[in-house]
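Please read the structure below before turning to the comments.
By letter and in written order, the chains are A, B and C; residue numbering begins at 1 in each of them.
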Amino acid sequence: MARIISMKLAINEAIDQEMTRDPDVIMMGEDIVGGSGGDGEMDAWGGVLGLTKGLYAKHGDRLLDTPLSESAYVGAAIGAATCGLRPIAELMFIDFMGVCFDQIFNQAAKFRYMFGGRAETPLVIRAMVGAGFRAAAQHSQMLTPIFTHIPGLKVICPSNAYDAKGLLIQAIRDNDPVIFCEHKNLYAHECDVPVESYAIPFGEANVVREGKDVTIVAYGLMVHRALEAAKKLEAKRIDCEVIDLRTLSPIDLDTVLESVRSTGRLVCVDEAHPRCSIASDISASVAQQAFGSLKAAIQMVTGPHCPVPFSPSLEDFYIPSADAICAAVERTLVLEVAE
Amino acid sequence: MTNNPFPLDHDQLVASYRTMKTIREFEERLHVDFARGDIPGFVHLYAGEEAIATGIIAHLNDRDRFASTHRGHGHCIAKGVDVHEMMAEIHGKATGSCRGKGGSMHIADLSKGMMGANGILGAGAPLVCGAALASKRRGDGGVGITVFGDGAANQGTILESMNLAAAWKLPVIFVCENNGYAEATSVKHVTGSATYLERFNGFGISGALVDGSDFFAVYETAGELIRRAREGEGPFFLECKVNRFFGHFEGDAQTYRTKAELEDVRANHDCLKIFKSRVTEVGVVRDDEFIAVDKEVMDLIESSVQAAMAAPLPSPDDLLKDVYVSY
Amino acid sequence: MSFEQITPIVMPKWGLSMREGRITKWHVEPGATITVGAEILDVETEKLAGAVEATDPGVFRRKVGECERVYPVKALIGIMAPIDVPDSVIDDYVAAYANPDEGSDDEAVESKYKVANLELGPIRYSVSGAGSQDVLLIHGFGGDVENWMFNIDALSEKYRVFTFDLPGHGESYKGIDDASVPGYAKAVLAFMTAVGIQSANLVGHSMGGAIALQMLASAPERVLSLTLIASAAIGTQINQSYLEGFARANSRKELKPCVEMLFADPALASRKLLDDLLKAKRMDGAQLALEKTIASFATDGAQQLILIHLIEGAARPVLAIHGRRDQIIPVEQSESLRHAKVAILEAPGHMPHVEAAREVNALILEHLSKVN
């Protein structure tokens, strides 16, 4: 049965159902329970934003509150994964990756390859990404491109509650290290989510809106901005196709190419900074593989090349807007008008 | 019947010697072959430190987990990784333990609990905490050993892992192979506390300090700590003071050490010589038995080199294999 | 002058989850005379495309909706009125018409489905309409309640109409012990009891037809009549590669060629239809349920259960409908049926209740009107 729940609850449910199904699934992170070792209540927080609330009551000490030692506990999760457990490590904010990045990109990502195929690291690292929370520069980044760059890692970024549950279940069942990025501004987003468990395969983009005139590719929060832009452009009789990438590594370039071969126009939207972003990655690939289909230059709409500012007015200016996407779409149509 | 004052029987003594000798000859051979240009990349040789690997790993089984350092050949051999496969791996051949994909610094065999040599100093400590956590949850009595040098002891990962292991009471043994040099820099220059033991004590971890060239000291102390860790009393710390014979890496001229020191080390701190003399003195193992083992070991090393030289390189098709389980 | 003489044409609601539709083509111009059943315009929803047909006769006066634009269900899209109603009155009517709020893309679908809790698990279903008799619509292999979206409204004008997801399908329970046709029939009978259907006119499509026949065999007192649409169990041959391809497919690319086989016009295998099918297949247990079903249903292109004799001996009115261009179950199987009213439709493929809904609805209503 489907019912309407938020992405936050969908994520909680995914973890709960997988922990129930598979006794090897454990979770560790800072304050994922909250209250450990103290005299007050257990499950005092259930995660800094309450994502894991209620899980302790059902699964007890399979959830571990860790010291503030990302290197140690993310590394421990990795080590445990090579020993047959299926850990979920929570990196509270992806911005904290700096203090444990070696464990992620030099250890977990490379074991299988360096050890000649004789290792498996079935690990999930969940981390919050994205701006809009007024959390300022060190708590608001979209660092997905840094992870997609690393062979051996898989990188996921859902845009809605239905995808979040299915992709997280897939991530927990997957035998490779997965970085599961949760946009903090989408936790409240609601949609129909089945009560039962289901798994969405990686490497499959979702065409969330069909259209004939231009292809807009986005992920995470930007999918919603793109849909807003598409609605505005409807009034101008511009018909946009919006593709939600869902998984950034592996990435479903085929769906993007198929769409561009039909529309001839591409706008890549990405909350990350412009240099070496997911947007620039897709743009280059499409230019290489579908050049003949392009009727106009590819447009990119990304966050700017600066840290995320604190002041709300500046932060709102920082995040790519629906209007900016509309403008980019219209730039791809200028050639036609000029004719 | 000769009186055996040692905590190992005759066969165990011979086996321990065989392990140490295999490590020694493996490393000595690499030293020669590297200088000749036969070995690609970096190698970091363990010669001089054999007693540590052997003395500790004698107490472990395949269920226990061991994370090594960049100077990992000794640990791998002691843990039972196949010598032929190791040599082939160091030569970058397809028959290597990692199919030529890892090299000297990444030799691993998870089926034997060997979590790998590691090119990143201190990276093994968190991993071993995880392995120990898995053992503790399963209640299988397994322990995790993380080995690091006097230099890596100052890495943040080690310090965080010390705290994590202590806070969660994990069955981990932190082993510091203190050979006095963090690469080319003396430990005196880069370590704030006078001893590592006091640092570990400060983190709530008790331990011991032994002479790393004394096999029996290592064996007995490590055995006690491992036994206690299996019973849930961990974590523990073991510092082994030792000397490395060769440079930090092959090609290192070691000008940061005096010639006198290098000569003294070979003459007076050779764990194999010390072991042999102690054992033959009591008469538990005879000289000719040791000589027989020596010959077998030399044959093994020679055959592993021949096999490695003759083995095929990985094919270009292997380049993209095993990046993921599935993609 | 009042608005009494004005007949609005509104965006129809096909199926329970349709929220909006896109006008793709007008078939009439202002001034045209329209008879009942005439096609006025074509509408495309996310899932399927269809024609809006006139339910009243009259003169078409105004196109309110534009081609290629999307309108919510019940929005005003056209006007019919006698020729003597002035344009200015029509202008006033259009201006005054209260269109329903347009839903945003983020708005969730309000569920109009219910749940029946059988011993084995929940069954998703819907019930609409009222009448002296019940009609039970049974979908086929790989289908779900939405298969009947073009039929529910027409039938519920005269009957109480139930549709549901079979076990293993849609949002009903997935853990099936007995995935054979008799196993399914048992579950459907249990469902009928659970929702208070004493007896019903069964309308079964494909494997749903086989289930309906089996229900007649095991519980004849619960069956008033049978309508068999492209039914299984009346002949041997079946397109095995469709069944297996459907079960195996785990991506849109893999699923598309299978689903296209269902329709005479492959364009009806829309992206939304494929996405919904994938969502259902990805639920834990769904894959296994489909595989178990195939295993008992057909082997090497031959159906394992033939119930044609039940039609011949039945003493129940039987209507068999089949599309000439059916690529899954050959039309000949229905064509040669005796002791049944047989209607072969030339245009459709395996889904005549979708591809030729109006004709099928009319045939069913006529058939049911004779059942007492």
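Just so we're on the same page, contacts are C-beta pairs under 8 Å (C-beta built on N, C-alpha and C of every residue); 3 or more make two chains touch, one makes a residue touch a chain.
Keep in mind the model is a prediction, meaning the values are calculated, not measured.
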| Where the contacts of chain A and chain B overlap, which chains show up? | none
| query | What chain is the most remote from chain A, judged by the mean position of CA atoms in each chain? | reply | B
| message | So the centre of each chain is just the mean of its C-alpha atoms; given that, what is the distance between chain A and chain B in Å? | response | 41
| query | In angstrom, rounded to a whole number, how far apart do the mean CA points of chain B and chain C lie? | reply | 70
| said: Just the number, please: Cα centre separation of chain A and chain C in whole Å. | reply: 37
| field | Per-residue multi-chain contacts in chain C, two or more chains | value | none
| field | In the complex with chain C, residue positions of chain A that touch it | value | 1-4, 166, 189-192, 194, 196-201, 204, 206-207, 209-210, 224, 227, 231, 234, 237, 239, 254
| chain A-touching residues of chain B, taken from the complex the two chains share | 65, 67, 96-102, 106, 108-111, 115-116, 118-120, 123, 125-131, 133-135, 137, 144, 156-157, 160-161, 163-164, 167-168, 321-327
| field | In the complex, chain A residues that touch chain B | value | 26, 64, 66-67, 69, 71-85, 87, 99, 102-103, 106-107, 110-120, 151-152, 154, 174-176, 203, 250
| said: Quick check: in the complex, which residue numbers of chain C touch chain A? | reply: 68-70, 105-106, 108-109, 111, 115, 122, 124, 171, 174, 250-253, 271, 275, 279, 282-285
